[in-house]
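Each of the next two complexes has chain A plus one other chain: chain B in the first, chain C in the second.
Up next is the complex of A and B:
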């Protein structure tokens, strides 16, 4: 939704809003966690291709960030998330999901281990209350850094060259590593695009200075400021999920049984039953064998995006729906994420069809397009993982 | 790479069409060998580092026609192909102005209105006429052209499809179709527009790569040929291959090799071997011999038939028809390494059209005069140029802050006239330098400080294209795209099914339907025919089937 970044509407300006406003030609703002964030800056297409061919800068400060410090921080996090946090070494970042007692996913996010007893959790949904409950009785201190720590996502094939030109040495960082490049500037080799890329974390008031430093360094390396619409294309290509789109966070459901387990989201590998108790463990033990549906990555026949299409078994029985569907400009495939009821998702995955609606020149048409399950990401360039990273 | 003596199919030439044929056949389970005369692959879809740090797409330079069905079937993005669309373009004038071609329809209309309010409104109907014809043609690109004289079920089936499509068009549009295939781009534009500059800008696509002028019949079709591609469904949109056009060839080769194919470079075909009227293999220039019951030639039909097949095994009328095949070189190319981005004083700062295709021709008569020069064996005194700076959006083409400029030049003859004789031999260093001087003068109309930025420049006349790539007379389409040699007449009437009178010999390059451009369609169509006619594998799988 396009909205005006008007403070009287209750929206707050992000830490680099001055810079974004000066660059914005589309004036296309949307509300992200109470901030006026850019849906686009120049043109979605141009921004997307900058992301995949050059580099892109995107403000991720509206993410929620929580610091957990103390002797039992690891124990608290291991009760919270489904994976074994103790396996994450200092200097590493891990993707994690966490559930309620019924095994339904509350949110997903990234877990940074800064030191043995010092952690940061970065996620989409506000989580302070839930964290405080999980930490009850433990020796841990929880701080909400959401409004004091800013984040900038620098993503794309020239992102390493840009950091290098800015005098920031990150050549040694492997995928999912993080390090303090300078005092008060942490850089992680992470992102939401499936490409080579970094996230920069700094005190809120430093964000403009860091933005300017990166912007100057990127002048000859194709750097562009981008908005969420471009990021969204890239994240679907990478096969990443968005809360509220590909799954409904269980704490944001009014209707019963709208929650989903990690198994139903294709995140079974994120659940470690061997690590001891964690929220939802008992429920997940029984849910493991009986997922009600499965979130599948599918290749859609033909060239029309299948966003919002219903999924049918043998073109007859309605068995699911597409949550995210686009024509991928880089993978050159018609790709989608689809929720499909289990017996059909697993027993006859080649007999699934999406009913795709198209509207062209004033006429609506419906067409059945065959779905082909795809393993892994739709686009996974080798440069995303190569270390030392490529410069372009 | 281990070479074996025997293969199911040998592909002669590792151009993008040869690699496409090879990749489809390897996927169908055949043992396929591709042989290439150069030490590198790609034919005219190559990326070459001829100045350290700069990559030149030194033949073909932009991408649109490559069929999305082929990209998807052969999984080319998985093998490294990334296509980057560019926006718009512009024509600059000697009096310091410009006409910008925006991809946004309304922005374009507003820009046209600066020159002619009437033309701005006419563009809607012009564009509709073009797009309707493109919609009509596109489905035929990955189908065989039916032979109307044949009663084979397949030809009858294709003919029925053609009739059905033509009937669907209706009488008025079908009339338009015939006009399009036969009229000149100049006449067509004059029917729609009044402004010289707008007409000159739009006419360029009608003459690129062809030995015809803007008033020559057939050039309206050449324009269509350049509009019938797409990028991500945007019909007529163009882009760059990340890393240069060689990225397309590299991805095709990787797809091919992943499915068990073998590529042998550094030795071209000396002779296509035959026995009892059937192909038995190839003998290479380095003396190696490989056996196969099927040879697909990616070389143009003239080169294939007249230079590499024993004339005794072919019917004389076929050989004469091949000899008559029109394949005239008409284009040259400058590839330039720039130390930084040159100034375009007429354009507003950061104009998006500077990232697109730029030209400096101002009227149809000026373009026709450029053609007149070509007819008498000279390069144009005021050539039509199609120049782009891909390094603005592709960081792999030049070091940071530096740029690479590609300048396509129309017209330059193959058989240059010098001292009363016309010959490709006349293209020596001095002539190439003199032509480059003419072209740089033309670039200066848009970009007066260009000379201060040039670090290195490669100059390619049609003669280099022939010598290096193997294209006869340096014709970029492997044969003129005129109605007399299109569709079921391409390359030779009666042989539009990619076959030749010699059993087992197929033509898989742009000499065959649907013709030139980095499209891959002839290669995919040839593979489909080879699978059906020569193997047990039968039907080809995929979107191009």
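Up next is the complex of A and C:
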């Protein structure tokens, strides 16, 4: 692997930067874990609709990836995450969150069980030192694969057809399955869009070849390279959380009490108290019954995205804020994720309002938009789970 | 299968005290000791040599009361020893209580300054002792009963500080966290006097007199009046008293029963398993073993990741070796009258000497000119033992503690003793060199450190042995630390065990 810093950006170039640069019309790069990642490639609208109606390709190599191997890898992971890792079979992927000793979420990510004693953890935040802490005294070997393993997210209704056209057979993969499609090419049926989609994992230096192979196969299936802005719309529609946006990874906070428990993030189902001790268990046992706030999925009245708006109870008392808010082109709704203090989040959830600012021809106005709580994802198409998946 | 209310791991000073305190409050207690005898590190002996701890100075009277030995006195007799600061020129200095003179009876020019200083330190020590006599504050709401009790304790301490008077209070607060070297030399230019205090400030510690916080350790050491006493019958008599008290209180005491596992169920301790596979069940386990070995007994996976990190970063670097010398007859020390042969003999001719002795230890070497505290418990006896504490002999000696390294330490010790008694080495018939690695091997104390964890400012009070571990409870419910690693530390005080027992009682009612 070679790192070629682009001095004009001050960012490291990812494994498929050549391809992205050739495609990029917007030149809209942003820093993702130090890498130059596209916020958009051509136009966010094209990219979003490709994702939902055709297929999209997005480089996820800047994710942090860690390999845990050894006799006690399962014990270490079970000590780390709140769910019961031992229930994850080889060939499966699991969403997981992990907490500090006070029960505050450090990060979330996906846990791949490659074999009985061979695991991979993918997450947003750098986690090597924390994993090393968790593994101290245990028989496990930890390798940082962040810079040796590349990842490409192929997402959208035609993604299965594209893989098929590329000669990669993944018809048997159910949601959250993974398999080695070829030596040095692992494919998991996972993603950050709530749609049918796959993530392809390969050695860093193979990424361009895999990109080209997918690109060629996708030529007639509507494949587009996309940037993060389109992914962000899709992930909010799916109701997924972004570290640093919808919660603050507690180890990266400097102020007191900025951490949140899984219960406060609506991830209570991820906490398994019956599996034995795990980090933060004692704190979570007492925090379980007393969440300070709740992360809610809400419908926002009107069509102005409510990103960053403060949330009021009965239009008077400030009780929270919107962490992510967009107009959902597919759900045709104005949707948002909101942190709302208890008891307002549960006691009278119909009396929550977001203070949205609108600007019309130079005049700013504050408008109270009613919030309506929504259960589950805003958009969860059945095609995302159908096995074998539809071809288009 | 046997069932108790509480199991105590280790029958050292703190284990025995913890067991006795709990049993006297109506708990059924089982004390399990890995060795064949009780007494732990303090009582550690090699064949018939003297015990590791040869003098007692901090044994606490609240402990005596709480283990049922009454409010008056300990059942064993003990004798306060004068301290002799040995000098190569034969002009030894004797400190007896607060009285200071030359060994030949003549007056010492700095006698008054030294007496004043000792009285001041003893007074400060009296204050710090109050902090030692209760679990460190914290953890409880100030409106709870426990919280109010803590406030009362703190208030009493504050009042005590206030009662020193304005200038004394200022002086106390000024010196408390500073280094012993500057503090002592301000008052006592005479090396023989400054050497005593400098050596006392660092004994057992991985510090030199110039290290910060050494005034605190010096004061702490004088928390019980400052007398250094030799118990009749030696340390064994003290241990026998404590173990009798434990038995009297109703404890079941099992020796030769090393605990290999602390059993838990659903985040509660349920008992222990011994090396022979026997299980003893109890809802509470108090461990006088150091924090990391205790955590390993229960299994590291029962501890939060941050807790494990804190536990393994506790500093415990032993620096002190015990060298016991069997002499063919009582030695002759030029300039020292025979009646002082039974005193505490200290070779620390100046504060600088002590600091220089520490220098090699910083880099993993033993002192070439060590500080020695020697006691001849029975000088009149035939072939008496000379019991010496030799500093510095770091646990992390470069090259490790090989037989050759031990021999080198012995020769260095003899050469140093020869500086004040040239004929002494010829009298040695037998030598026992008990280095920190052997102490660790025998007791499990990390680094062979006699406090299990360095008594430094970052490992004291509420943050002893580490942040958030200062309230004795650790890991799964029902598991407590009760050893020297906890507040207020070792030094044969017995308070760690007693405070832990009180805390365990508070948690169960």
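Everything that follows uses one rule, which is that the second predicted complex is superposed on the first by the 383 of 392 C-alpha atoms of A that agree within 3 Å, B and C clash if a C-alpha of one lies under 4 Å from a C-alpha of the other, contacts with A are read in each partner's own complex, and residues count from 1 in each chain.
In this section, a residue touches a chain if its C-beta (ideal position, glycine included) is under 8 Å from a C-beta of that chain, and two chains touch if they have at least 3 such contacts.
These figures come from a predicted structure and were not determined experimentally.
J.: With the two complexes overlaid on their shared chain, look at chain A and say whether chain B and chain C clash or fit.
T.: By the criteria stated at the top, chain C and chain B fit after superposition, with no clash.
J.: Mind checking the angle chain B, chain A, chain C on Cα centres after superposing, to the nearest 10 degrees?
T.: 160
J.: Touch test for A:177: chain B only (first), chain C only (second), both, or neither?
T.: In the superposition, A:177 contacts neither chain B nor chain C.
J.: Thinking of the overlay built on chain A, is A:117 touched by chain B (first), by chain C (second), by both, or by neither?
T.: Neither chain B nor chain C is touched by A:117.
J.: Once chain A of both complexes is superposed, is A:138 in touch with chain B (first), chain C (second), both, or neither?
T.: second
J.: Can you tell me whether chain B or chain C touches more residues on chain A?
T.: B
J.: Classify the contacts of A:276 with the two partner chains as first (chain B alone), second (chain C alone), both, or neither.
T.: Second partner only, chain C.
J.: Identify the partner contact of A:54: answer first if only chain B is touched, second if only chain C is, both if each is, neither if none is.
T.: First partner only, chain B.
J.: Examine A:222 and indicate which partner it touches, taking first as chain B and second as chain C; both and neither are also allowed.
T.: first
J.: On the A-aligned overlay, A:130 touches which partner chain: chain B = first, chain C = second, or both, or neither?
T.: second
J.: Just checking: does A:355 make contact with chain B only, chain C only, both, or neither of them? Give me first, second, both or neither.
T.: Neither partner.
J.: Measuring by CA atoms in the overlay, how small does the chain B-chain C distance get, in Å?
T.: 44
J.: Note which residues of chain A are touching chain C in the complex, please.
T.: 75, 78-80, 100-101, 130, 133-134, 136-138, 276-277, 279-282
J.: Inside the complex, what are the residues of chain C that reach chain A?
T.: Residues 267, 296, 300-309, 312, 476 of chain C touch chain A in their complex.
J.: For the complex, give me every residue of chain B touching chain A.
T.: Residues in contact with chain A: 68, 71-72, 76-78, 82-85, 87, 231-233, 242, 352, 392-396, 400-401.
J.: Contact residues on chain A for chain B in the complex?
T.: So the residues of chain A in touch with chain B come to 45-46, 49-50, 52-54, 157-158, 161, 165, 220-222, 303, 327, 329-333, 379, 392.
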